[in-house]
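We call the chains A, B, C and D, going by the order they appear; numbering starts again at 1 in every chain.
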């Protein structure tokens, strides 16, 4: 593709400044590590910017969103501080075709919950256990370049079922956790003309975003999520003139509710 | 089933009091015609109550919702007058297992849009044209008792694609309209433990809710949508103790964010 | 329901007569234990017959199938001995509305593979490990009466992903295995007017079909899988006369291929 | 993409040699017109070969299939003349990742029916009526470059519901027919690692494969259907050694069935 994809990596950027463990792992912020991974995997095929909670309009102005093909989202401690106005703006932009990649604890973000219509709640445990992500959709572009039937993360937070999401359009990964749970770790949905991918790995206290397979999946997801968009999404269209003749119409009333 | 299903039919009940055409068709309100149809089809298998916009809490108190297995919803002119607080309450009750049947212009209701995560907008035309509803899921319980490959409504409002909904879990009916459009007229989704059915027919200026096949579909849908529910939906569950031993855990930090 | 469901439990009935371990567990055959479980759970709501490989037409005559609402299938060692003619007959009956519950190693049966269109192959290990079946569709009728978020089998054969099936219409259970794998253990599909449920538990060397939760799921599945059927499935329908007028038809030729 | 996609267009190539109307429309065969359309749309991004029924092994040798990323299929009068051996070979190659685009009357081909598991039968009428294909998945790559909410074919054969297919993974187009029917005209499924697209337009007595929008859709579909493939699809994998320790295994027997 000649034109690079325009990617925005959004991060609340809170833990990295308040907790020493996280700061040591992600000194420039999780967004910087994610952006670095995308550049490493995709090179000139992407143009990346980052945005954070504390910026004006959380860095998600109309201008930025209009020029974003795919938005990645990381949040955890400050979901409630994201303004409803910006959330609605992002949601509408997804309907019109912007891709969204929700990472890890973004399952509980306002934008993800609003697009899903469910609570998005889950079981969780922070014990640093082993996770094994099994590929259940081999051949899907989001799994391109992964060799083998699974990949592993040695230490991670556990997320377990029941994960309260709508049945995914496509289920890509299912995780096995050493402590006994399973999880639908990679899921896709469409909302309007926009494509959404949820990807579970990514806790702030483990170096997940430096893992080559996680980076590969995120890079694949960004390419998969880009879509052409559609101008008429989000608006009702009254079409008084039929496309084909109506033999025996019945107008019951004079412009009842317009 | 020994215990009758507890059904609540909700209607904004506006047009029937402000417009003579609608008043003549539905003198007691659309909710009364829908309730009558359910009683006719299901007899003692259902206990029906109705609720309307103007009642306190729109007739949807916690008590009423707790004792509702399936809620039917009709609204059109007054979507914005439904309080957000009640909408959230209904949404949460759906997650916990209450069925929801959204009828016709309820596509644009707050509760339906919130559960879908999309705009739910569509094409429309009010010309009283013919609609033919084709069954695309024969054998589905919602189509039980319909004979033939389709059924027809002689005069109706047109709704056309693109209908901005998430891909349905099950597509039951696709409509053909004389004026040239098609529409996904019967769709199911699950949200949490709750089952949702959207059914297109039902415009206020045509006697749709007296049609025997429409009544049959609504009765089927009510029976289909009832579910046992689930107590843990909507809440996160922290599970500090693993179900199985973890060989080599790594606690990265001391209670970072709790 | 006044009329009892007509259920046929099919079993190849081979291991139970050739292996002492299996014989001790299922002296009358796996089909007898499954039938007993259904009777225990559903009582008069079902009429059950059994059928086995060695019977004429494998016990699946046209008469038997015409009078079967739901067929349960167990096979393992003798998939290849099932005649193609009978497989086609069963497939056609499923299209017309007969439910099918495929149990455990029936994943590799001719009838299941033919209805899926895939290889249905999987990973497996026979080490007698623990399995935990997580409910990922709470509120689904197939999970009715299961309390809690999962249930367990202490010793069982492992089946692991990638399980080569079409994406299920509904995913009901995901299994965790102690040895490290996950599996989509409860899946539904529709084929024609027929409903299909695959349920993983059931190895012949463990007493799985005496487990109360397994029995509950099978009983639920039988009730779920029954469907009204549809007379026109499986046949093309030439409709020379249009339902609505065609303004400007173009008959390109004289009965080219009829 | 640096490496061109390797595309094979298969056609039974019967009508074009036996019927004057078809011969006049497609003098080199439908496969030639389809191949020309792909070259026109995709240029150097594809390498195209064609294959027909009368060639040895129908032109689908192991060598050809191994070197095919996406196979397009057109058949109508001679479905039964396609050898079962070749059909199985194609099916297995789809499982391993080859894309398949089934065009028009290929709905009744052996390969399509085998991958679907259903009868794939439908209503039909050859009256040269108008078809309008509505986009129900805006933003999907298969719709890229289509402007507007629909496109039209002025004269075509009608295919109507109920179309006996498994519920599509993604529904892309729904057709409106002047004579009164609707049809799911663009559908996707995955089987193993392979992606499948069914596209309805294409009757041999109308110049459908010269239509620019049809050509655009087919070109999009070819790009969409290409997948990386997966080496382990189609084979069972016995894994005697667990990935994680089993606390209390129970080997019920000595190698019962191996």
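Simple rule for what comes next: a residue touches a chain if its C-beta (ideal position, glycine included) is under 8 Å from a C-beta of that chain, and two chains touch if they have at least 3 such contacts.
Values in this document were obtained by computation on a predicted structure and should not be read as measured data.
With centres computed as the average of Cα coordinates, no chain lies farther from subunit C than A. Should one ask which of A-B and A-D has more C-beta pairs in contact, the pair is A-B.
In terms of their C-alpha centroids, the spacing between subunit A and subunit D amounts to 31 Å. Measuring from the averaged C-alpha position of subunit A to that of subunit C gives a distance of 36 Å. If you average the Cα atoms of subunit A and of subunit B, the two centres end up 28 Å apart. Touching two or more other chains at once are residues 123, 130, 132, 137-138, 149, 160, 162, 167, 169-170, 178, 180-181, 190, 192, 230, 232-233, 243-244, 247 of subunit C.
Those residues of subunit C whose C-beta lies close enough to touch subunit A in the complex are 123, 132, 134-138, 149, 160-163, 167, 170-171, 174-177, 180-182, 184, 244-245, 247.
If you check the complex, the residues on subunit B that touch subunit A are 15, 19, 21-22, 76-77, 91-92, 95, 108, 114-119, 121-130, 154-155, 158, 160, 162, 164, 166-167, 169, 178-181, 189-192, 204-206, 230, 232-253, 256-257.
Per the touch definition, subunit B reaches subunit C in the complex via residues 97, 130, 132, 137-141, 143-145, 149, 169-170, 178, 190, 192-195, 227-230, 232-233, 243-244.
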